[in-house]
Structure formats: C-alpha cells, structure tokens
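By letter and in written order, the chains are A, B, C, D and E; residue numbering begins at 1 in each of them.
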Amino acid sequence: MPWLSTLIAVPVVGAVAVALLPKGADKLAKQVALVVSLVVLALTLAVTIQFSPRGERFQYVETYDWIPSFGVHWGLAVDGIALVLIALSAVLVPVVILASWHDADGTGADNPPKRSVKTYFSLLLVLEAMMIGVFAATDIFLFYVFFEAMLIPMYFMIGSYGGVQRSYAAVKFLLYSLFGGLLMLVAVIALYGIAGRNTFMFPELVGVITDPTTQKWLFLGFFIAFAIKAPLWPFHTWLPDAAAQAPAGAAVLLVGVLDKVGTYGMLRFCLELFPDAAKFFTPLVLVLAVVGIVYGAIVAIGQTDMKRLIAYTSISHFGFIAMGVFAMTADSAAGATLYMVNHGFSTGVLFLVAGFLIYRRGSAYIADYGGVQKVAPLLAGAFLIAGLSGLSLPGLSSFVSEFMVLIGTFSSEAVAGINYAVFAIIATTGVILAAIYILWMYKRVAGGPTAESVAGMKDLNGREKWVVAPLIALIIGLGFYPKPLLDVINPAVDTTLANVSVTEHQAPVPVAEQKGAGE
Amino acid sequence: MNGAIEAPTIEYGQLMPMLLVFGAAVVGVLIEALAPRYLRKAIHVPVTLLSLAGAFALIILQAVRDGVPEQASAMGAIAVDGPALFIWGVILVLAFISMLLINDDDQFVAQAAAVPGSPEEEDAVAQGGAHTEVYPLALFAIGGMLLFSSANDLLIMFVALEVMSLPLYLLCGLARRRRLLSQEASVKYFLLGAFSSGFFLYGMALVYGFAGTVDLGGISSALASVGGQDSLLYIGVALLGVGLFFKIGAAPFQAWKPDVYQGAPTPITALMASGTLVAAFGAVLRVFWVALGNLDWDWRPVMWAVAILTMVVGAILAITQTDIKRMLAYSSIAHAGFLLIGVIATGDAEQNSGSLSGILFYLLTYGITTVGAFAVVTMVRDAGGEAGHLSRWAGLGKRSPLLAGIFAFFLLAFAGIPLTSGFFGKYAVFAPAVSGGALGLVVVGVISSAVAAFFYVRVIVLMFFSEPAADGPTVALPSVGTAAVVTIAAAATVVLGVFPQPVLDLADQAASALFIR
Amino acid sequence: MEPVEIIQHSGGVIGVAWLMIALPLLGAAILLLGGRRTDRWGHLLGVVMSLASFAVAVLAFVELLGMSGDQRRREIELFQFIPGMVDMGLLIDPLSIAFALLITGVGSLIHIYSIGYMSHDPGRRRFFSYLNLFVAAMLLLVLADNYVGLYIGWEGVGLASYLLIGFWQHKPSAATAAQKAFIVNRVGDFGLAIGVFLIWTTFGSVAYGPVFQVAGQAEQGVLTAIGLLLLLGACGKSAQLPLQSWLLDAMEGPTPVSALIHAATMVTAGVYLVVRSGAAFFPVGSTAALVVTVVGVATLLAGAIIGTAKDDIKKGLAGSTMSQIGYMMLGAGLGPVGYVFAIGHLITHGFFKANLFLGAGSIMHAMNDEVDMRKYGGLRKLLPVTFVTFFIGYLAIIGFPLLSGYFTKDGIIETAMHHSPVLGWLAVLGAGITGFYMSRMVFMTFFGQKRWAEDAHPHESPAVMTVPLIILSIGSIFLGGYLVLGNTLANWLAPAVGGPEEPIEFHFVTTPGIATLVLVAIGAAFAWMKYGRAEVPVVAPRGSFVTTFARRDLYGDAINESLLMRPGQWLTRLAVFFDNRGVDGVVNGIAAGIGGTSGRLRRIQTGFARSYALSILFGAAVVAGALLLVGNI
Amino acid sequence: MGETITFWVLAVVSVSAALGLVFSRKAVYCALMLGVVMLSLAVLYAVQDAPFLAAVQIIVYTGAVMMLFLFVLMMVGVDSSDSLVETIRGQRFWAMIAGIGFAVLLALAVGQAAIGDPAGVTGANQRAGGNVPALAELIFTRHVFAFEVASALLITAALGAMVLAHRERTRPRPTQKDLAKARFVSGYPGPLPGPGTYARNNAIDMPARLPDGSVSELSVNRVIARHDVEDGRLPDDPELAEAIRQAAAEEEEHNASIAGPKEDR
Amino acid sequence: MTTHYLVLSALLFAIGAVGVLVRRNAIVVFMCVELMLNACNLAFVTFARQHGNLDGQLIAFFVMVVAAAEVVVGLAIIVTIFRTRRSASVDDANLLKY
C-alpha cells in the first residue's frame, strides 16, 4: 500500500470535500476537517508503528516517474527524521483544527469580521498535505515544489484570517520565503546540471558534488532558503509579523511545522549533499545560530505583544536547532531533530493558549492582562506549562532536546582551531534569558491582581481542554521518556552524519582511555 | 528570352494550416461584402473558429501522418519544422481562445468612423452596430503570426511582420469604451511599429549586403565564407535585433507595450500578449539561432544586457502600476526577459534542443495563462466599462470568490509558484540556461521573479484581504465564450502545473531536431 | 578511606525505591488533574503520599542498615533516558538515604502542619499538590545516580519553589519574588549545566559511578573548572553569595514553604551537590574546595548581618538560613571531616530551622499574618507551645551546649579552625552574631510589652500545627548529640563520601568552642539590653549606616539592579529598537527602495510616442555600437 | 563618370530635401520634400540598373503614396503648420545626439566594410532576358509565397481603411432645407467669422472678435487653447484670456468624456 | 561607388529617424518613416548591384508594396484620431503614460 501517498492524498481529498460543501455548512465543514485530520493521524500512527528504526534508512519507498524530462519523480520515503516530523504535523493539525473552531466565525471578543469557514479549514487540510509531502519527499525537486507551494495556503490563512496588519504580514512572509525559495531553485537547477545524473532523487545525489567551490555556492543557495524559512538571524524579521498577525492555529503550524522545513532541510540537504561546504561554513552558521539564540531571547524580553514574544522565543529556539545541526555531532544533531518535534509541541501549545487568551480578551498586548490565574486557573496553568516547556524545564520535552544540542555542541571536536564549546556556553545563557521572558510574560498576564478587563474571563471549556491536554501529555511524556523518539531518530542521524563523514553516535572517549592512547 | 518561367513548387499540404487561416480571412472579407449585416456575425463566428480548429487539426495530422518535413517549403521561403509546428499549434490554441474573447459582445466600437461622444456614435450604439470586420482582421493577424514564426528568409519575415502588425494596429483602435485611449494606443503602436520595422528593414539590407542573400540558411553559411565586411554584419544584426526586440517588448524597446496593452480592447490585448509574443519569439529564434547561430559569441553579451534590462525594467516598473492591464503589460515585459534567457542559452545540439524545448513550453504556459488573465479582466466591469484601476479590484474576493480565486491562481502562475504551469515554464527555461552557462542571468531572473511576485501578490492582497469598496465594480455574467476561455486557461494552468509531462514530451520532440535551414 | 564501590541492586525495598519519588508525584498529578473534585480530601492525599514516601525511605534505610559498610552503595536501574548518554537510575547510599529521610520526614511533618496552616485558603489542594511535587523533585535530586537526573530534580525543585513562592500570585510581590527566585536560580543552573557538559565531555559519562572512578585521572584544570561550575549551581540553589538575593524575597511564600523548601531541604541541595561530588571535584586543598570555603564563610557572615536588622520575622529567619548554609558550605569545603559536620549540621538545621519557621508560622497564624516583630511582643503567655518549641529551636541554633546545633556547628568551626584559623575565627564571629540576632528575635516576639494591633487576637494554634512543632523541637534537642557523639554519622556516611583517616573525636572544651560560647553570650546579652529590657519602637528607627546596610540586604539587590537589571533593560530596549529599525529596517528599506525606484522610473514612460521613439533609436545605437565593439574585440 | 556626377548631384539634392522634410514647418512642404527625395532615389535606382524599380518608385511611391499623403494633409488642414517649439524637455537635443551618433555609426560601419567593385546586375538581368523578366522570374518562383502573402497585406489595408473611414449612415442625410432651417434656428444665420476676421492680433491662437467687439468663442481652436493654458501663454487682454480658458476647459471636458473616468487614465 | 550609395542611404535613414523624433505632426512623422524605408530601398538596390543578384531589387519592390499598404492603414488611423481630437499632433496623444 502506498502509505505516504495516501497520507498526502487523504487531506487533499478532504480539503476538496470541505471546499465543495454548500455555503452555510460551517459546522459540517469543521467536523469533516477534524475527521479527516484524525484519519491522517491514525494513518500516521500506523506508519510509525510499522517503521523499523534499525532497518533500511528509507522506508515506505515510493518512486514513480513524474516528469521524466526533468528527471523528476514522485519520490516519497521516510527515514527516522522525516517520520517524526510527519508525526508532528499529523498530531498538530487535528489539535489546531479543534483550537481554531471559532477562529473564522467572527465571534471573538473584538468582533472580527466573519470569514469563510470552510475555506479556512480547507486551507488547513491542504497545508497538512503539503507539510507531509515536504518531509516525505526524497526527490529534491518534489521537495522544492512542496516547499514553495506550502507558502500559498499559509499566505491566505494569514492574509484572510489574521489580525489588523495581516496583509502586510502575509505579503512579507510570502515574499521573503519566496525570495529564499527562488535562490534555492537556482541551486536546485545547478545541482541537477552539475551532477549530471538526470535525476533529482536525493539518494542518488548524495556525494556526487565533490568540487569544493561548487559545493559552497550550491550550499549557499540551499542554506539561505532554509535560513529564511527557519528563520535564522538576521533573516528572521518576517516571523514576528507573520506569527503575530496569523490566527493562533495558523501560527502554530507556521512556527511549529513550516519553519521546521528550514532546519530539516539544513540537516537533510545542506549537510548531506554538500558535506565539505557545510563544514566550511559551520563557524559562520554557528555564529548566526548563537547570535539568534541570545538576540532572539533579548528581543523577546522587550516585546509587548504575546504572539510576537512567542515568535521571538522561537527565533531563539531555532538558533538552538541550527546549532545542533551544524555542530555535527551525533548528540547535537539528534537533539536538534528532537528539538524540532518538541518545539512544535511546546510552541504549539503556547500559541494556542495565547490564542485562547486573545480570543477572550480581544487583545494580544500583555499589558491588557493581569491576574488571569485567579479567574481562569486552568487556562493560566496551561499557559504556564507551555511556557515552562518553552524555557526547557527539565521533565518537559524540550529540555531533553536542548540539553542534547548543548551537550553535543559542547563536546564537538574543535575544527579549524575553533572550539565550539564556546558557542555552547554562550548559547546556554539563552537558558537564563528564557526564564526571564517566559516568567515575566506569565507574571504580567497571570500574576498580580486581576485586571478589570479579564475579570469575567471564562476558564478552558471542554473543547479547549481537548486541545491542550494531548499536547501537554506529550510534552510531559516525552520529557521523561524521549527514548521512543530518539530510537527512531538516532539511526537516521547517524546515517546522515556518516554521509558527512562524521563519526557515528558514541560517547566522547573517556579520559582514562585518552591517557592510555597518549602514552 | 524565350523565358517560360518554371512553375514553383509549393507544398500545399505542409502549408495548409496557414493557408486555411488566410483563406478563412479572405472568406471573412467576402462575408463582409456579401452577407447582410445582421447575419454577418453568425457566419463569421463558425468560419473563424472552425478554420482555427481545422488548422490545428491539420497540424496534428501533419505531425502524426507525415512527420516533420526536413526541407523548407514553398521554394525555401517557409520552414515547417518541428519548432514551427509546435509554435503554430500554440499560436492556434491561443488564437482560438482569444477569438472566443473577441467574440464577446460589447468589446468593439460600434462605429469606428464616428467621432467619440458624437450623436453619430450614440446612434450607432443604439442601433447595435458592431464591426464584424474584426474577424477577418484578426485572422489576418493570426495568419501573419504563423508566417512570422516559420519564415525561412528575411523577406518573408518582413512581410509576415507587416501582415501580423497591420491588422493589430487597426484592431487596437477599435475599443468600444474609452475610445480616446484606444485610438491613442493604435496610433502609438502604429507609429512606433512602423519606426521599428524601418530598423528591421535596414538591418535586413545590411545583412543582405553582407551575405548576398536573405535566406536564413544562406546567411548562416555566409558567416563562414565572407570576410572583411563584419561591420556590415554586426550593424545589420543589431538592427534586425531592434526590430525583433521591439515586437517581443524587450527593454529598451518596451515602451509601447504598457500603453498599447492598456489602450487596446482587452481581447486584442490578450491576442497580442499571447500570440504575438509567441510568434515573435519564433522569429527571434530563427534569426538568432538559424541564421546567426555561429555568431552567438558576438551577440550573446548584448543579448545578456538586453535580457537583464528587460527583466529588471519589467519587474520594477510593474510594482507601482495602478492599472491592471498596464501591470500585466509590464509583467509581459518581464516574461519576455525570462524567455530571452532561453534564447541566450545556446551550446551544442543537445543544449540547444533543451533550451528550445524550454522556450516552447514556456510560451505555451505563459500564453494560455495570459489569455485567461485578460479574460478575467474583461469580466470585471463598472459603469465606464472594464474596471481597470486596481483600487476598483479591492475586495473582489469577497464579492465573487471563484473569479477572484481563478485570477489569483493566474497571478501565482505568473509568479512561478509550484503546482502552476508558470513554475514549470520558468523551470524549463532556467534549467537549460544554467547548464548553458547563463547562471548569472538565471540569478537575475530569479531575483526579478521575486520582485515581480510583489505586484502579483499585491493584487491578491487587494482582492482578498481588503474590504470591498462600496460602489465597487460588478462582475459581468460571462458569456459562454468568456467562461470557456477562463475555464480552459485555468484548467490548462492546473494541468500543466501538475502533470506537464505530455506537453513537455511534445516540446522535446518538436525541439529535438532543431530548426531546418 | 575512599568511598566504596557502587553495586547494582535489585529486589527488596531498595529495588522499589523509585516509589519514594513516584508516590508524591502521583499525588501531585492526582491533585492537579483532579481539579475541584479533590478539594475535600486533597490535603489528606498529599499527607498520605508524603508519609508513604517516608515509609519507603525508612524501609530502605533499614534494609541498608542490614548490609555491611562496603555493601551500602546500591544502584538501581530505571530506564534509558537519553539512549547512549543517560541511563536513569537511583543511587541509594548512606548520603542519599540520609537526605531522603530528612526530606520525607520533615516534609511529612510540614505537610501535616500545613493542613492547619492552610485550612482557610481556597487553594489548599493546589498547595498540597505543589508540596508533593516538591518532595518528588527533591527526592529525584538526591536519589538520582547521575548528574542529569540531579539536574532534573534540581530544576524540578526550582519549579516547585517558584510555584510555592508565587502561590499567592495575586500579590504582585509574591509573583515578583517567585520570578526572581527562578531566574537567579537559573543563573546557578547555567553553571551546573555547563559543569555537566564538561563532565560528559571529559569522562564520557554523567553517572556518578563511572565519573568518580576516573575523576582523578583528568587534568587538574578541568577538575577545577568543573568544581567551580558546580559551585555556581550550588550557590544559586543554596542562596550563597553572590546568588543569595532571592532567598529573602522568597519569604513571600506561605510559611510552611519557607520552612520546608527555603530552610530545611531545597536550599541545602547545594551542600548535597558539593558533598556528593566532593571526592572527585572538591578534594581537600584544591582550588575549588578553597573557593567553597570562602563562599561559605562570606555567606555565613552576610546572612548573619542581614539577620540582625530584619524586623520581618521570616526574613530574619531567612538571613539566618543563609548564614547556616554558609556554615554547611564551609564544612563541605573541608573534606571528609567537614562533610560529616556539614551533613550533620544540615540535618539538625533541617529540624531546628523547620521548627523555627513553623513556629513563626504559628505566630503569624495567631497574629493575622502579621510578620513585623515590632508589632509582636509578650507573646510567650498567649502561645505557650509555640513559645517553648520556638525557644528550643532558638537554643539549638545559637549552639547552646548539648543541643543539636552545638555539636554540628562547633564541629564545623573546629574543623575550619584546624584547616585555616582565619576561616575558623570568622566562623566564630558569625556564631556570635547569630547569638545576637536570634536573641533579638525571641525577645522582640515573646518578651516585652505587647505591641500588636487592636484587631489581633493571638491564640495558640491547633494541635495539627503544634504536634509537628513538638516533634521537631525534640529533634532539635537530641539529634545533634546522637549524630556526632560516637561517630554515628561519620561511620554512616563513610561508604558514600569517604571517611576521615581516624575517627573524629568531639571535644567539649576547646578554645574556639569557648570563644564561641562567650561571643554568643555577649550577643544575647546585647540583644537583651536592646530589645528585651528596653522598649521596642513599633516603627523602626532610622538606624546607622551599618543598620541600613544590613536592612538592605548588604545592597545585594541594589547591586543586581544597577549592574544587571538596568543595563539589561537598556540592552533589551536597544535590541528591540535595533530589530525593528535595523534588521527589519533593512528588509523594509529594500522593499521601499525598489518601490521608490519604480515610482521614479515609471515617470520615464512619459506617454509621448516621440520619447519612446527616442529610446528606440538610442537603444538601436547602443545595441549596434555594443555589437560592433564585441565583434571587433 | 556620368554616374558619379549624377550621384553627387542627387545625393546633395536628396539629403537637402530630407533635411527640408525634417525642418520645414509646413506639412505640405514636407510632403513635397519627400517627393523630391523619392524622385532622386528613382533616378539613382535607374542608374544602378534597376529600371523597373525606378518606374515603380515614381508610379507607386511618388504617384500614389505621396498623393495619399497630400490628400490626408488637405483633409487635416493644409495650413496647419507645426510649431517648431519643442515641448518635451531634452527631446531635440537627445534626438540630435542619437541621430548623429547613429548616422556616424552606420556610416562608419559601411565605410569600414571592405567592399569590392560591384558585380553588377547585368548578368542576372541578361540570363532572364531583361530586368523585368528577371524580377518576374524571382517573384514567381523563389519568392512567390511572399508575393502571395503580400495580397493579405493589401486586403488588410483596404479593409482597415474601410473600417476606420466608412460611416454607415444612421440617420437620413439632411436636405438643403434642413440645413437652412438649422442655420436659422441656431440664431446666427450668417457664416461664422473666420479666425482673424476682426483680429487685432494675427496669431492663430488668438480668438477673433465679432463686429460688436465682443470675443467670438467659436473662433477659438480648443486644442490650441488647451496648449496655451498649459504653457501659460495667455494674452494680456482679460476678455481674450477668459475665452481661451473657456475653450481649454471645454476641451478638457471633452477629452474626459471620451477617455472615461478620470482616475482610469 | 557602392560605399557612397550606402553612406547616402545611411544618412537618409538617420535623417528620417531624427525626423520621427523631432516632428509632432503625425503625418510628417509618418513621412519620415517613409523616408527611412526609402533609404532602406536604396541600400537594397545598391547591394543588389554589388552582389550581382536581383534579390535586393526584389526586396525593394516588396518594401514598396508593404509601404503602400502601411500608408493606407497608417493614414486611416491618423485621420481617425484627428477627427476625435482635432489635432494631428502626436504629443497630444499622451493619456496613456507612467
């Protein structure tokens, strides 16, 4: 059974079905969308369960010719890295659908205009299909197609359903991403031409480009696209605008999944296709990553808008992920991959809870809140847990990944005379800053005396509990027992790094043996 | 001096598609002369459409049954080779759907000779007068396009240029509304067209002076044999180029395009933006590849500059446009720049056929999308006719989501977003360009695409994210023809964006043997 | 005597030692998830879970007692946490079980006490869930067999502390204090985290066993670095200089919290960390150990000085806590002998300080939550039980002979004196100040005239609160002697932390000991003169420069504010400005630039056909010229 | 030798005539100048062994095309002469630069080319038995298709002229009687005063005055008036200035009504 | 001699081109275009003689045909716009711009 194609087809069919529903059938549209997304989740679970971590690297391989003239295939397959990200998408979409139940209805606190409900959910499902496709694609061209096409539904979700400055944000998001994507297109074309294999299949292109100069240029083409997507400092400014203006659900998918495509692309394509260039640029990337970590955190502290703040925290977190990828140790890379998943969950729930708050209060300004904890303890509690996950509290999932990234980076061997431990140490200050921005926000929103404007605020209702509960359960569960994910991720990361000719997953050589070898 | 002239051989079979179009045009003239006024349209429509469809069928028949000829036809005047057949097919398809638009009521002036705003005009409008002459005129133009793209010597090319242009000069001036603009477009197009064809002609003279022949193959072989007169050749090539660049709207010869596209009746704009561009690129390829292929080292740098300038000017100037048709005109300029990248990317035979195939595919995708976009433009109207000003398009997505959605889709195709035909079109041109050593151009192309995306996106923002104006334009209930055009264009844009392989195969096939000389 | 080998263990009570952690965690989860349904019996569940945990600890202790000394380090494996890096497991050895007993024992008492103390608070269930959470995290901290597990517990107790300090979130001061505690702790955690990174990188493991085994082989510089980094962590958690500032603010939390977390257990985690890693990273005479002692002494003095000037009874006690932990730190830097007294003092302090805090809570309970001692006075008759237990705690802390504090504190002073007279005499001085400020507290509270407000009706607390007080005060009397005399504690701890070469003999009459007693007596007498005999003004008089210095926590907050917070705020504003105008400005600037270019360029399209023709002619000339040029090159 | 003299004479004549075409104010002069160029060229064709072309040049070009030009000139207004004041800034300067540059470029290129002695077309002519048969043979063999297609051009031209010029009569042609009635109904039965009839000023852009001294608004050319207003060339006399402004405003209005809503321009 | 003819033709062409740029009367502009075409014809005829083949003459002939047709269409257009605007100035037709 073509599992992956099915995974892509189901939401597409669902989207079409939702779009074709008659005009007034808003409720039905939501229900259909939810059911479809749950079906996708079930299918994804089936795929995940059948995946054998120690088996072949790529499983569920499907390869059909799509455009033979260009050497393009409908090539799908997953390795551990892609699998967990697909799972992330599949988990988040139903949650987001449930969370966005009324986002298009126009029933929020500040009476936003009513918009087409079925279009919104249809776009969500289209987006889901593309998210799964982009992670499952083993054909670089196909990857690119999904990479770019993904922008469009998100563009409409921001532009049509977002906040006051939505069209500015949407255009900025689209153009920025498009610009990066086009640079990548050039690199994709050049890769095809220079490789001369007449195919875009990723496995056949690994290790083909050997000339260092060529590698560097192509690397840059890919990397800038991914750096914009991820986003790395200084290509980040679209994200706060987009995330702040997007409806909460869309923001979750934007930051939780779409941006992961950037870091995923770095790990999958930048490293494996251009290993030498990747090593050459590592110091640069690490500098950008570390700057992003600290800078994102500092700017986050100064934000007055909740969603912007969360967006800046994400910029900081993406710095961690990029650092983990480019430190190129097994721990850091596995940590980075895990981080992609965990960040999806933690930022997801943070955005969603912030969305609930904003939906009730009608404002995203932190100053408009105060004392929510008193009137809506569950809501505030969920907000706190989400925040704590954002500051990587041990016991919550993001701790494991952040820890692995940092320790992996710290233990990476010095390359070209630069000891990357320095980067890890600077990055660790992000841990302190994270505490400041999260707790300060929490204090201003939930602490202190209850503000008049939030006095009548309702606590989480049943639907919202169902939105928050699974994510928090995942965050805590994975915080204590990340092994299932890591067991899937580690072999894939090892293979990736082997292709970059970095040694396999192992602990640093203990000091005793070092001494022994030295004598 | 007993000189019985030997009868020329003309391969009627091969030329039949073109002859059919010209024949239909002549029949159209006869209809004008003989049929009663009230019947004319009823007769014109089937004649026109059937002749175009028939011509298309003949091309297919030709390709399937006889294959691609290896010799030039009509005493070496016309080359019905693979690319020509493909381009003919493309032109005919585009002409057919443009014709459906032209067919629409209310597009053309009731009485061209009546002064705008005069009582005569009011009378003519009241009586429902309409110029049915547009049918034969359009057919002549289409015939000229077919000829232009398959001309195998410069004389035929010049004549074809005029055959193609003269009817268009006329048709540009026949808009029903805003006639002053329309007439202005007409006169500008005419004067500048005549001016530029003067350059073309002088270039032709110089090339003739160099080679002693105007046969494209002959010029090509003369490049190797003639010495000492290179300056004639270079100037000649430059001036030929000017004439052709003018037709495709390459900078700095692009200035007419926005004015004319804006002023002309929209269906004619559609025909020009699609058919003329395709035909002109056919001619460009023939001149620069067939006749001057061995001179590519010399013309390439200049063409680089022109291509870059064209892309940049097209993309940047479009940003601040406020009229939708004008914006599409600038977009068309930018696209001409992208296509020029393909023209530059020459090399060995394999490289050439790759580039050629890309250009052919691009022409098809761009042409169809363009016609579709202009068809949508014809449907958005307010009291004064089409609502050209962009501000009038605000909130269209709320008022008629389907139409706005389709138009947005066309715009995305122009921007080259994946899963639209425009993406593969661009890819098909860029990919061979990179392997042909034009990476720099591709980078410029990509950057201008990004800039260009801005104004496409701006329109989408207007349509979907802005609140509709209170007295905004209405969307006319489309006629069957217009609806068909939009549907066909949208379908083609989707299909070519998702499953382009069959058409790519066709283009590959058409391009595989390159041009005959 | 080196610490003994760690032995893999299964079966028995120790095999299920994870229940110690799991039970309170389960309790916390039930209480948090159960919501209002559990309101009625939630506090009971909390107590039960704590007690159950205590039971398991006792049973494990008993099982450990049944083993010979070299068998007493048992490790149980739980699960793979991070494959290839961290295998989560528990280390049950004399050190950890001692902590476990303290935590669960004192913890249970405080749970019970809280039933009464929090009886009127609508958030009592939540309070108990946090307490349970704290117990679980603290146990993970001390029981984990690796540094990552410790780190998780470390931050876990930080979270619990945050939640409990900020339990009354609606009070801005509480919310701020909670936030401050967490953030300052994070600074310490930063050091701890990097220390762990360095341990992993150096030794290829984060588990105690393998790390301690090969620790000696690493380079000295690396070891010192690790030691200092761990110390930074310890400073954060244990409120040592320079990360002490949060502890005083932390008194915003409910009093049982101050007793349990900010006196008896959590704040001693730093001592645990240093002692646990002592053999490996803080060997006697090493730089790291020296720094530990210096930090300890500095803090014990600073805490004591702060304690002298506080009118808030809880803050006074908090200063005292700082100071006492300073003693422990000092001990922890002095090698095996020091460890014994440090841990001993930690345990006795756990009792008498919990006793004092709960007593203070009892007083506040009686006084409408009034914390200002200037508004107490003469309470000894109204609150007899509280007075007696509080007084016992007081005697214990000032080191009244034969009470708990006497043995352990004097032990530390003596060891320090043995080690370095300077440190020793400073510690003696600290003891003297302790005598003063504790006496001041007792006199202001229980003696003199009543100074309380009209609406206060002081009354003795219910039994559920006084019984724990009594139990704790009994511990405050006897525990020190039991632990120190006869080397009980030293022998017990030896397998875990290494023992002194020869048995420690406790001398009752020593020069420092006598000096200490004299100083304490002087301090107490001075306090009597000032606060017992004299009238205590209700409003604090403007004190001297020194008083102000002490009142303002030695300007710790001021330093933080001017050195870190202000520049930080400034940096934040700068960064935000830079981001909006600089980074984003470039992006928007490019867009605006293109737009502007477009706007200007379109003016070239004048609409005059002749201009167009000109551009064609120009273009033609340029194209022709260029081609001619290219062709002729 | 004869050719050289002919060439130089005609070269001078044709270039002067061409310059005259560019620089004479009156359109009719221009047409005549063009005719001179064409005739000169016809002679030059003849000199260069192209008698057929020479004949065609005179018959078709000078005879038909130029006449067409003249007809149209007459229709449009024979006496309307161009103002030689340039309105587009820099246009003339740059046109000269570009023109001279272009001419130099062309001349250089042509002069630089190593062109040998002409082969002469005598041989080619003789093979077919004369210039005309030789051309005929080419036209009807090698270039027959171009010839055939040229017919399409001619048809287009005819059709185009019809479309633009032919007016279907939509109402009955007014009879003499109708015209006379209309004239009297208009209130001004006499012929309109021509521009300058009562003029105190002989410029075409000045309105005429009626016999009573009042300004005749009918005599103002609205297009010219618009230019006057735009360029600020208004007379001192307030009455005259007002009339011009009035006419200019009418013109604007007129344009606007045809061009559609203002913002669409 | 050929060169002389060519230079003459080039001059005429350039003069015609400049005429297009500087004249405002549409008819005169158009006449200048005709001058350019005539210049081309001269070049063709000259080159025909140079090469000794009649193609050039033939092309010149075609140019005349084309020019004739073009004149018809062009003048028709000019007349139409003149009737609307009562001006034959090409500068007046500048509603379409920017």
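Going forward, a residue touches a chain if its C-beta (ideal position, glycine included) is under 8 Å from a C-beta of that chain, and two chains touch if they have at least 3 such contacts.
If you want to know which protein each chain is, UniProt gives these names: A = NADH-quinone oxidoreductase subunit M; B = NADH-quinone oxidoreductase subunit N; C = NADH-quinone oxidoreductase subunit L; D = NADH-quinone oxidoreductase subunit J; E = NADH-quinone oxidoreductase subunit K.
Remember, it's a predicted structure, so these values are computed and weren't measured experimentally.
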Intersection of the contact lists for subunit B and subunit D: C, E
Chain separated most widely from subunit E, comparing mean CA positions: C
Centroid-based (C-alpha) most distant chain relative to subunit A: D
Core chain by centroid distance, with centroids computed from Cα atoms only: A
Pair of chains ranked first by number of touching C-beta pairs: D-E
Averaged-CA centre spacing for the pair subunit D and subunit C, given as whole angstrom: 99
Gap in Å, rounded to a whole number, between the CA centres of subunit E and subunit A: 65
Where subunit A and subunit B are represented by their mean Cα positions, the distance between them in whole Å: 44
Subunit A and subunit D: spacing of chain centres that average the CA atoms, whole Å: 69
Set of subunit C residues in contact with two or more other chains: 591, 602, 605-611, 613-614, 617-618, 620, 624, 628
In subunit E, residues with contacts to at least two other chains: 6, 13, 16-17, 20-22, 24, 29-30, 46, 50-51, 53, 55, 58, 62, 66, 69-70, 73, 76-78, 80, 84-85, 90-91, 93-97
Where subunit D touches two or more other chains at once, by residue number: 88, 91, 95, 98-99, 102, 105-106, 109-110, 113, 115, 143, 146, 150, 153, 156-157, 160, 163-165, 255, 258-259, 265
Inter-chain touch pairs (all): A-B, A-C, B-C, B-D, B-E, C-D, C-E, D-E
Residue numbers on subunit C that touch subunit A, as the complex places them: 32, 35, 79-85, 126, 148, 151-152, 154-156, 159, 162, 166, 169-172, 174-176, 178-179, 182-183, 186-187, 189-190, 193-194, 196-198, 200-205, 210, 214, 217-218, 568, 571-573, 575-576, 579, 583-584, 587, 591
Parts of subunit B lying in touch with subunit D, wherever the complex brings them together: 1-3, 5-6, 8, 10, 22, 25-26, 29, 32, 74-78, 111-114, 116-117, 120, 123-124, 127, 129, 131, 133, 136-137, 140, 143-144, 147, 155-156, 159-160, 162-163, 166-167, 169-170, 173-174, 177-181, 206, 209-210, 228-232, 234-235, 323, 384-385, 388-389, 391
Residues of subunit D defined as touching subunit E within the complex: 3-4, 7, 11, 14-15, 18-19, 21-22, 27, 30-31, 34, 37-38, 41, 44-45, 48-50, 52-53, 56-57, 60-61, 64-65, 68-69, 72-73, 75-77, 80, 82-83, 86-88, 91-92, 95-96, 98-100, 102-103, 106-107, 110-111, 113, 115, 117-121, 123-125, 131, 134-135, 138-139, 143, 146-147, 150, 153-154, 156-158, 160-161, 163-165, 221-223, 255, 258-259, 265
Complex contact set, residues of subunit C against subunit E: 602-603, 605-610, 613-614, 617
Residue ranges of subunit E touching subunit C (in the complex, touch as defined): 17, 20-22, 24, 29, 90-91, 93-98
